[in-house]
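What follows is a group of structures, each given as structure tokens.
In the two complexes below, chain A is the common chain; its partner is chain B in one and chain C in the other.
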Partner chain A sequence: MRWNRLKADLAIIGAEIRKTAKIWFAYKILMFFWAIFPLIWVIPYLFQGKALVGGMSSAPFAQLTGTENYMAFVLIGAMVSTYIFSGLWGVGNSLREETYWGTLEYIIASPTSLLVVLIGKTLAEFLYATVMVIFQATLATFFFGIDITFGKIFPLMMIIVLLVIGFYGFAIAFAGFTLLIKEVHGWVHTLEWVFFLFSPIRYPVEVNAITKLVSAFVPLTYALVAIRAIILLNKSVINLWQILLILGVMDIILIAGGYILFNRLEYRTKKAGTMSQY
Partner chain B sequence: MYKKINHYLRAIWAENIKEWKIELTYKADFVRGMIDPLVYVLPYLLYGIALVGGRTSESLEKLTGTGDLITFVTLGYIFIGFLNMALWAMGFSLRKEQYWGTLESVFAAPVPRWVYALGMAAHSTMHQGLMISLQLIVISIVFKLSVNMGGIVPSLGVVGVMLIALYGLGMMIASLTLIFKQGWLISEALSSLIMIITPIAYPLAVLPVFMQKAAMALPTTYGILTVRHFLIGEKMGFSVGTSFLRLAILCVLWVVFGLIVFAFIDKRTRRSGTLAHY
Partner chain C sequence: MNIVLDNVVKKFKRGKGLRKHYITACDHVSFTIEQGELFGLLGPNGAGKTTLVRCIATLLIPDEGKITIFGKDIIYQSMEARQQIGLLTSGERTLYWKLTGKDNLKFFAALYGLAGKERDKRIDYLMELLDLKDVESERVEKYSSGMKQKISLARALLHDPKILLLDEPTLGLDPQFSRFIRGFIKDELVGKGGKTVLLTTHYMDEADELCERIAFINKGKIVNIKSPAEYKDEIPHTEVLELRCQGNVNEEKLRTALSSIKSVEKVSLINKENDLALKVIASRVESILSDVIELVRGEAKILAIDVKEPTLEDVFIYLTGTSLKEDTREEQPDALE
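This part shows the complex of A and B:
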């Protein structure tokens, strides 16, 4: 019985991944946009760096981050943030999109849990973001000289998986929130700037006491520190065990919290009878 | 003649008031929109501080004649607000009317299309003015900006001339959404590229030559350089008179180009019967 249910759930997850992939391929220009533009958005930071320090390295920057190469710093931040934005828009906003397409009621009426459908969407988003990041990393390697060797790929993937497990837990809770309050574009934008300001995507948060303190509660901070340590400082993953441990603990809290919150919000929306409202 | 102008002015004002009423209905979103630009500028400032280890850059001083990166970047950044006005607020106004189902009613009103466009422009200018004022007040308090007070009045004059040229750009983008419908991709791509070549957080000198030449076709380039020249003494490479002259030429070119594109697309969509298509 349990085995049959698991098989059915896996089939739903597979179907959800196939459906999401079909939608992506229907909008090829969007795939191109998301593969290229996260790198284009950091170009102003590269020119700003050149204007402020007169070259491609900065000693004060090295005191804060361990590396003088500010270009590599912001490029890595841009690549890793692809997972965050795919999580916020692709997972967090996914149920809202189903209401937009008019298909949410069909999904709810099917004999499956909404959470299983969301897991399918989450895995699809992870695959999509990974393809985008591989493309960006290839560009960064060839055009910007970022050194990502094959030996670093496994530890990097390990950290990224640890990052996205927790983050997608949060995104699933956020998806539940969209069932309740419907229009969340503004909220997603606000969360975007929270991540830009309180995690080292674009700059080292250690530069300011407030950003340093707040960023300690954001998993992305630890993931970026570890990823940059591997790529830019050639550190071994074993030396980063403390960061991995913190990420692991945050994952457990975020996944458990995300699951509980989603179920509660789904229940509340169903009780209020507003599930199909747009 | 006087009656006609009065009639048009009333339509412009009505459009402006309508936009304010809609915006103020969503108070939380309105407040978030006010805070957004303030938060978006912080990563640029903190990144700059991290690079030079303080707020003064020798390299920037050599390039521009002013070393205070905080004042330099903040003054440049407020122009993103004006760009957003043209690319997003004006550019998306027709799309919003489509979304609300009121585009046909607006277009059936007995006023020329440019009157409607000016109404959107009036609202966008006031809205952006409010956001920029708030941004400047908060940044001034937190970072203590130091500017030449005598330069404020001529700076407002430059901004006024620049806005006219941006209205032309906004009208062009607004009409493009009638063809492309989900035109956010055009606005996003254009704004990303314009932000690279506009000297917001760096002087023109750090850009490759082809980008410097492209920047000369944008009104915001002259707006930023001249305002910073008046307020913090940035070296422009040309005189204030030349800057005003070039801005005036760009005003004529952009407004004429915007009106032609707007009229052409308006005619085409009505002819093909796709005006009401969503």
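This part shows the complex of A and C:
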């Protein structure tokens, strides 16, 4: 019985991934833009850094980060943040999209949990973000000289998976929140800037005491530190076991919290009668 | 009994702060629907029909009362209840427009546990049945409104449910598609399929033609439940005087004046931008005709007069004082509580 349920849930997740992919492919130009935008967005920061210190490396930067390669630092931040922002937009906005399409009520009226559909959406989003990041990494390797050797791919994916498990747990709760508040853009933009400010996407958070303190509660901080350590400082995963442990604990908290919050928010929306409102 | 509603109450919050109040969309609603029955919910816009359907479909949680589907509670055994239900609502925006009709059905089939050959066979059968085979590989965005509604109907039937909840299924469709949907409900779903159907509509002809029993619903309350024939017997020896007029009238004053004429039983008045549709239900129209014309002529220009046998809509007016064409909706529930 349980095995049958699991099989049915996996089929739903597969159907959701196929559906999402087909809708994406209906907007091919948009896909291309989303692939290159994260890299284009960081170019002004690279030029800004160059203008400030007269080059792509500086001693104070090296002191804070352990590497002089500012360009690689920022590009890695941009690539990893693709997972975060595609999660926020893709997963967080997904139920709002279903409301817009008028299909959400039909999903809810079916004998399946909305959470299973959302897991399908998160996996689709993860695959989409991975394709984007592979594309970005190829560009970064060719045009910016970033060295991602084959042997680093597995440890990097391990850290990324640990990052997205927890983060997508948060995004699922956020999706539930959007069911109730009926507004996404303002919240996503706010969250984006919270991540930009309180995690080392574009700069080392150690430059300021407050950003350093707050960033300790953001999983992205640990993931970025570990990923940069592997790519730029050639560290192995074993050296980073403490970071992996912290990410693992954060995953458990965020997944459990996301699950509880989502269920409560779904119940509240059904009670308020605002499920189909756009 | 397939569907049982026991004292269902659903309220929605309106306004914020000091202006916060609740409106009752369903007010202690109770009824049962038997297996294989085509049961109608008839009422004007905003009467509470869709709220009830959403409660039964587990999209809304009632504040009070209990709903069961084949004995399964829709809150505590919602998955089992949903497996028995097929849902069809009005409106074009219920499908993925960027997907083909077939891809839409494949996705929803997965939600109902259908996969592989069984799924493909079922989809092919429904596409044939609903005459959609030629367009199955086209994106839904290219479909007409009627074709979209047919795909939605196919979706409702994917898992061969025992119960169908049809919420205004012909709303906004052209007469040809409406006729097709009505025929399909009567002949295929109930006739051949033996399905239990709950149909909500504000088209009295639709309810009259299709339903074995009809619940009149007004302002969230069930007014009465009877067969169409029994309803029409409610107002025997009564005629309906219909007037179409034009003019800027004081509705309340005219309604009161008409109601005060002897032997007038009910008056319904719908004013849309000074285009007036007036119905006067009386035991003998002949005796009130001159009085009515005199009163109306003083307020508006009379364009047409007709005397008719009472229809289901007239029975509804007779029982509730409200026309099915009226819009009794209040504003939407607030998004954030």
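Methods note: the second predicted complex is superposed on the first by the 278 of 278 C-alpha atoms of A that agree within 3 Å, B and C clash if a C-alpha of one lies under 4 Å from a C-alpha of the other, contacts with A are read in each partner's own complex, and residues count from 1 in each chain.
One rule holds for everything that comes next: a contact is a pair of C-beta atoms (placed from the backbone, for glycine too) under 8 Å apart; a residue touches a chain by one contact, two chains touch by 3 or more.
Keep in mind that this is a model prediction, so the values were computed, not measured.
In the model built by aligning both structures on chain A, chain B fits alongside chain C without clashing.
When both complexes are overlaid on chain A, the residue A:N208 reaches chain B alone and has no touch with chain C.
Contact with chain B, but none with chain C, is seen for A:T190 once the two complexes are overlaid on the shared chain. Judged by the touch definition given at the top, the superposed model places A:I23 against chain C, while chain B stays out of reach. When the shared chain is aligned, chain C comes close enough to touch A:I107, but chain B does not.
Of the two partner chains placed by the overlay, neither chain B nor chain C lies in contact with A:T130. Contact with chain B, but none with chain C, is seen for A:G49 once the two complexes are overlaid on the shared chain. In the superposition on chain A, contact is made by A:I181 with chain C only, not with chain B. Here's the short version: in the overlay, chain B gets within 13 Å of chain C at its closest Cα pair.
When the two complexes are superposed on chain A, none of the residues of chain A touches both chain B and chain C. By the touch rule above, chain B contacts chain A in their complex via residues 28-29, 32-33, 36, 39-40, 42-44, 46-54, 57-60, 62-63, 69, 73, 185, 188-189, 192-193, 195-196, 200-203, 205-207. Chain A contributes residues 29-30, 33, 37, 40-41, 43-45, 47-54, 58-61, 63-65, 70, 74, 186, 189-190, 193, 196-197, 201-204, 207-208, 211 to its touches with chain B in the complex. By the touch criterion given at the top, residues 8, 11-12, 14-16, 18-19, 22-23, 26, 101-103, 105-112, 117, 180-182, 267-268, 270-277 of chain A touch chain C in their complex. Every residue of chain C that touches chain A in the complex is listed here, in rising order: 10, 12-13, 25, 51, 54, 57-61, 63, 79-80, 82-83, 85, 87, 89, 91-99, 103, 106-113, 115, 155, 332-337.
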